[in-house]
Amino acid sequence: MVYTLCFALFLTGLYCALTKKNTVKIVIGLAIMEYAVNLFLILLGYRRNGVAPILDRSTDLADFLARSVDPLPQALVLTAIVIGLGVTSLAVALCIRLYEKYGTFDVTQIRRLKG
Amino acid sequence: MNSILPPLLIAVPLGIAFLIPLVARRLDRLADTLGNLATLSLLAVALLMFPLRGVYRIGGWNPPVGISWVLDGLSNLMLVVVNLVSFVATLFSIRYMERYTAKHRYYSLFLLMVAGMNGVILSGDLFNLFVFLEIASVSSYALVAFGGRHEELEASFKYLVLGSVGSTLVLLAVALSYAVTGYLNMGSVSTLIAGRQAEPVLLLAAVFFIVGFGVKAAVVPFHPWLPDAHPSAPAPISAMLSGVLIKALGVYALSRVLFNVIGVDPVIAGVLIAVGALSMVVGVFLAVGQWDFKRLLAYHSISQMGYVVLGLGLGGYILATGGARGAATLAILGGLFHLANHSVFKSLLFLCSGSIEQATGTRQLKEMGGLRERMPLTRATCTIASLSIAGVPPFNGFWSKLLIVLAAFQAGFAWLAAITILVSLVTLISFLKVLRYAFLGALPEPLRDVREAPALMSISLVLLAVLCTGMGLLLVPAVRGVVLDPAVAALSQGLEYARSLMAGM
Amino acid sequence: MGTEVILIILLFFMLAGALIAVETKNLLSSVISLGAIGVGTSVAFLFLMAPDLAIVQIAVEVVLLIFLIRATIARDVIPQRGHIAWGGLVVVVVLLAGLLAFGAYAFRDLGVFGQPIIAAVQDAPSNRYLARGMKETGAANIVAAVILDYRGYDTLGEATVLFAAILGALTILRVRSRSGGGKP
Amino acid sequence: MTGMTVIVKTVTRWVKVFIFLYGVYIVITGHLTPGGGFAGGVIIACSYILLTLAYGKEFALKRLGPRTAAGLDSGGSLLFLIVALLGIGSGGLFFTNFLQKRYPGGEFQLASAGFIPIANIAIGLKVFSCLFLVFIILSILRIVLDAEGKQSLVQRWPEGKEE
C-alpha cells in the first residue's frame, strides 16, 4: 500500500514531465519524480519500531543491530537529493534563459526545432 | 589490485576540471594547455592499463562493503575508445572553440563529462553507476546549450527533461534491485537474483533499466532528443555525444546490467533485437530527407546504434536459447566492434562538419558545393568516414557490419541480415548525397574565399581517418585475441563471469 | 502499525499536493504545492527515522522554492493557452495507469512494509555498517560513516554533479556566448 | 533591491548569527549527530540568502562576491579530491581513510573519525558556496561581458519592475 502510493506519486511526476506544455511545470514534474524515488528508497529501509542509525554512549550494540533502520538507503538518498538539486537548478537556469529569449514559459510557442 | 592507474582516470579529469575555473579564468591558452594535457594523459593511462584485469577496492573495503571498480576486456576497450575520442576532440577544440566565450568553462565541463564516462565504465556498483551517469549527463546538458542560441537552449531543455526521466528510472530500478537483494555490488546482486528473472519486481526493474539506459542510448522509441541535441552542440561536443556518450551511458551500461547482472533471457534479447532493428530502419529513413549536415549525421547515429544493439541482442538471444556459441560470440563481436568503429567514424564526420561550418558558416548542404579544391583534406577525410559508415570495404565499418550479417545468417535470421544490408545501402545513398552536395558541383558565390581548416584541426581529422582505414586490422586473429576477444568474453560468459570476477575476492 | 497509517495519510496529502501542482493554472500555486510535497517528504523522513535526510530535505526544499519563486514571479504566471492534444494525453494516461497496476502487483514481492531486506539477508553490507561502522571508521553517525568512508567515492561524484550543474548554469546564463571574431 | 523593513532587518541581524553558527556546528559534528556537510552547507547558505533578501544584494555581495564563491566552490571540491588521493599517498588505495587507519581516535570525540570531519568541512564549504552562487546568478545578478570583454555585474530587472 505504502509502496504503491509512493509509486503513484512518481507516476504523477512522470505524467507532468511528459505531457505539460510549460517549462516550469515540466521542472516541477521532474522534482516530484525525484522526491518520490527518494521516499521510496527510505521506505524500503524502514524497520518497524526502528531507531535512527546513530549511536550514542548509552546504546547497546546488539539491541541497536536488531532495531536500527537500514543506513544504506539513507546514504544513497542523501546523495540523490543533492544530485536532484543540481539537476533542478540547471533546469531552472535553462527556463530563465528560454524566458529571456522568448518571453514565455510555454513550450508550444518556443518550438522551433522539428523534433 | 593496487595499481595507481585506475584512480588517475577519475582524479585527473576531476582535478583539472576543478582547477581550470580557479587559475585559467582569463587565460584561454592555459585552459587549452591544461585541457589537452589532461585528455592526452588520460589516453596514455587508458592504453597503459589495457592489460590490467581485476577488481580495484576503493577505500580498501572489500567489494560488497565498499564500492569497487571492475577492469576487464570490455571496460578496458571502452576506456581506450572514450579517451581516444576525447583527446582528438579537445585537440580540435583549440581552434574551433575560439568563436565562443568562456572557453575555460568549456574545458571544465568537457573534462567533467569525460570523468563521468570513465566512472560509468569502471564502476562495478549499481548506485555508483547512477551517480557517474548523472555527472556525464549534467555536463552534457550544459554543453549542448553552450552556444546560447535559441535552438541550442531548446534542444538542451528537451535533452535535460528526457535525460532526467531516464536517470530517475535507472535510480528506481537500482532501488528495486536493492530491495530484493540487499546489495548494490553488481556481482552480489547477480548471484542473488540468478534464476529469479521472472519475478514481477525484477521484471519491473529490468524494464526500468532498459527504458532508462535506452533514453541515454537514444534507441528508437526514446530517440526524440537526439536529433535536436547532437546538431545543436559545438562540433567537438557533437563528436563526443554521438561518438562516445550515447555508447558509454547507453549501450555499455545497458549491456553490463543486462548481460552481467540481470541475465539475458529470450524475451529481453528479443526486445533488444526489435529495438535495434527498429532504430536501424527508422533512423536511416529519417536521415535520408535531411539537408542539415549535422542533423543528418545525428539521425545516422540512431541508425548505427541500432546495429550495435542488434548485434548484442542477437548474441544474447542465441546464448539464452542455447544456440551455437560460435554464432553468439560472432554477433557480440560484431556489435562491440561496430561500437568502436562508430565512435571513430562518427566523431570524424562530426569534426568534418565542424570544419566545413567553420569555413563556410553554414550547415545546410544546399548552400555548400564545390569545396573539393578549397578543402582537399576535409574532403578526403570526409570521404573515408562516409565510406566507413556506409560499410564499403576496406574501411572499418564494413568489417563490423559483415560480422553482424554473418552472425544473423548463422543464427537463422536471414531477414535480419537482409534488413542490415538494405539499411547499409540506404546509408550509402545518403552519404553519396552529402559528398555530392558538399564537395562537387559549382562553388557558390559567397564561398569564394573559403580556406582549409587550421592545421591543429586538420591533425585531428587525419588521426581519425587513419584509424578508420586501419581498424579492420583488429580482426587479424593475433590482434583480435588481445583486443576484442576479452571484451566479447566479458559479455558472452554472462552471469558466471559476473560471479567470478565482480563479486570479488 | 502507527507509522504506516501516518505515512499513508501523509502520502495521500502529498498526492493531492502533486495533483494540484500538476493541474493548477497558476504557476505560483504550482510552485508552492511543490513546496508542500517537499515538506511532506521531509516529515515522512522524520517518521522513517532518517533525521539527516529530514534536515537536508527541508533545507534543500527552501532553497529550491526560493529559486523557483524568483524564476516565476512577475512573469507569465497563467500558462496553458491553446488546445490540448487529447489523443496523446489518453495514451499516456492509460500507459501510466497500466504501469501503476503492474507496480502494485509487483510490489507484493517486496514483503511487508517495516521488514527491510537487511533483516532477511544477514551478510548484507548494511548489517556490517551497523555492527562495525563505529569501530572501523570512528563515526557514531552510521550514515556519515557510509557516505564519507565506505562509499566516499559516491560523495565525490555527487559533489561533482553539483559542481557541474552550477558551472553549467553559469555557462547558460552568460549574456554573450559568441566572441566577435570569426564567422557566426 | 534595497531590502525589507526595519523589523526584518533587526530580526535578521540577530538570527543570522545563530543560523550561521548552527550550520557550522552541524558541519563539524556531522559524524556524531544527525547532519553533516550537506545539511550544514545548505544551512549556512540559507543564512547568506536571508541576509541578501533582508538587506538587499549590495550588503551580501560586499561580504561574499560571486567570484569568491566560485573560488570556494572549486576549492572545496579540490580539498575533497585531495583527501581522497592522500589515501594513495599514504600507502593505501583511493579513498583510504588514512588518518583513521594510522591514528585511531577515541570514540564520540570530534577527532574520532579520521578524515571524515575534514571531508565534511570540504563538502560543507562546497555546498554552501555552490548554493549561494546559484542563488546569486539565478535571482539577483547577471554576469555580463562588456565591450572590452571584462566581466561586470548588472541587475537583471529594470528599476521598479521587481515585485
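A few remarks follow.
Going by the order they are written in, the chains are A, B, C and D; count residues from 1 in each one.
Convention: a residue touches a chain if its C-beta (ideal position, glycine included) is under 8 Å from a C-beta of that chain, and two chains touch if they have at least 3 such contacts.
In this text the structure is predicted, and so the values were computed from the model without any measurement.
Path length between chain A and chain D in the chain contact graph, taken as the least number of steps between touching chains: 1. No other pair of chains has as many C-beta pairs in contact as A-C. Note: centroid distance chain A to chain C, computed from Cα atoms, is 1 Å. Chain C and chain D have Cα centroids separated by 22 Å. Here the CA centre of chain B is 29 Å from the CA centre of chain C.
For the pair chain B and chain D, the distance between mean C-alpha positions equals 36 Å. Across the assembly, chain C contributes residues 51-52, 56, 60, 63, 67, 71, 103, 107, 110, 117-118, 125-126, 129, 134, 140-141, 143, 145, 147, 149, 151-166, 168-170, 172-174, 176 that each touch 2 or more other chains. Across the assembly, chain A contributes 14, 18, 44, 52, 54, 56, 72, 76, 78-79, 81-83, 86-87, 89-90, 92-97 as residues in contact with two or more other chains.
Residue numbers of chain B whose C-beta contacts span two or more other chains: 14, 18, 21, 58-59, 101, 127, 131, 134, 138, 141-142, 145, 148, 153, 156, 178-179, 184. Of all residues in chain D, only 26, 30-39, 42-43, 45-46, 49, 70, 73-74, 76-77, 80-81, 84, 94-95, 97, 100, 104-105, 107-108, 112-116, 119-120, 123, 126-127, 130-131, 133-135, 137-139, 142-145, 157, 161-163 touch chain C in the complex they form. Note for the complex: chain B touches chain D at residues 2, 4, 6-7, 10-11, 14-15, 18-19, 21-22, 56-60, 101.
Those residues of chain A whose C-beta lies close enough to touch chain C in the complex are 1-9, 11-16, 18-22, 24-25, 27-29, 31-32, 35, 38-39, 42-48, 50-56, 61, 64-65, 68-72, 74-79, 81-83, 85-90, 92-97, 99, 103-106, 108. Interface residues of chain D, counted against chain A in their complex, comprise 33-34, 36, 38, 108, 127, 134, 137-138.
Contact residues of chain C toward chain A in the complex are 3-4, 7-8, 11-12, 14-15, 18-19, 21-22, 27, 30-31, 34, 37-38, 41, 44-45, 48-53, 56-57, 60, 63-64, 67-68, 71-72, 75-76, 79-82, 88-89, 92-93, 96, 99-100, 103-104, 107, 110, 113-119, 125-127, 129-131, 133-134, 140-143, 145-147, 151, 154-155, 157-159, 161-162, 164-166, 168-169, 172-173.
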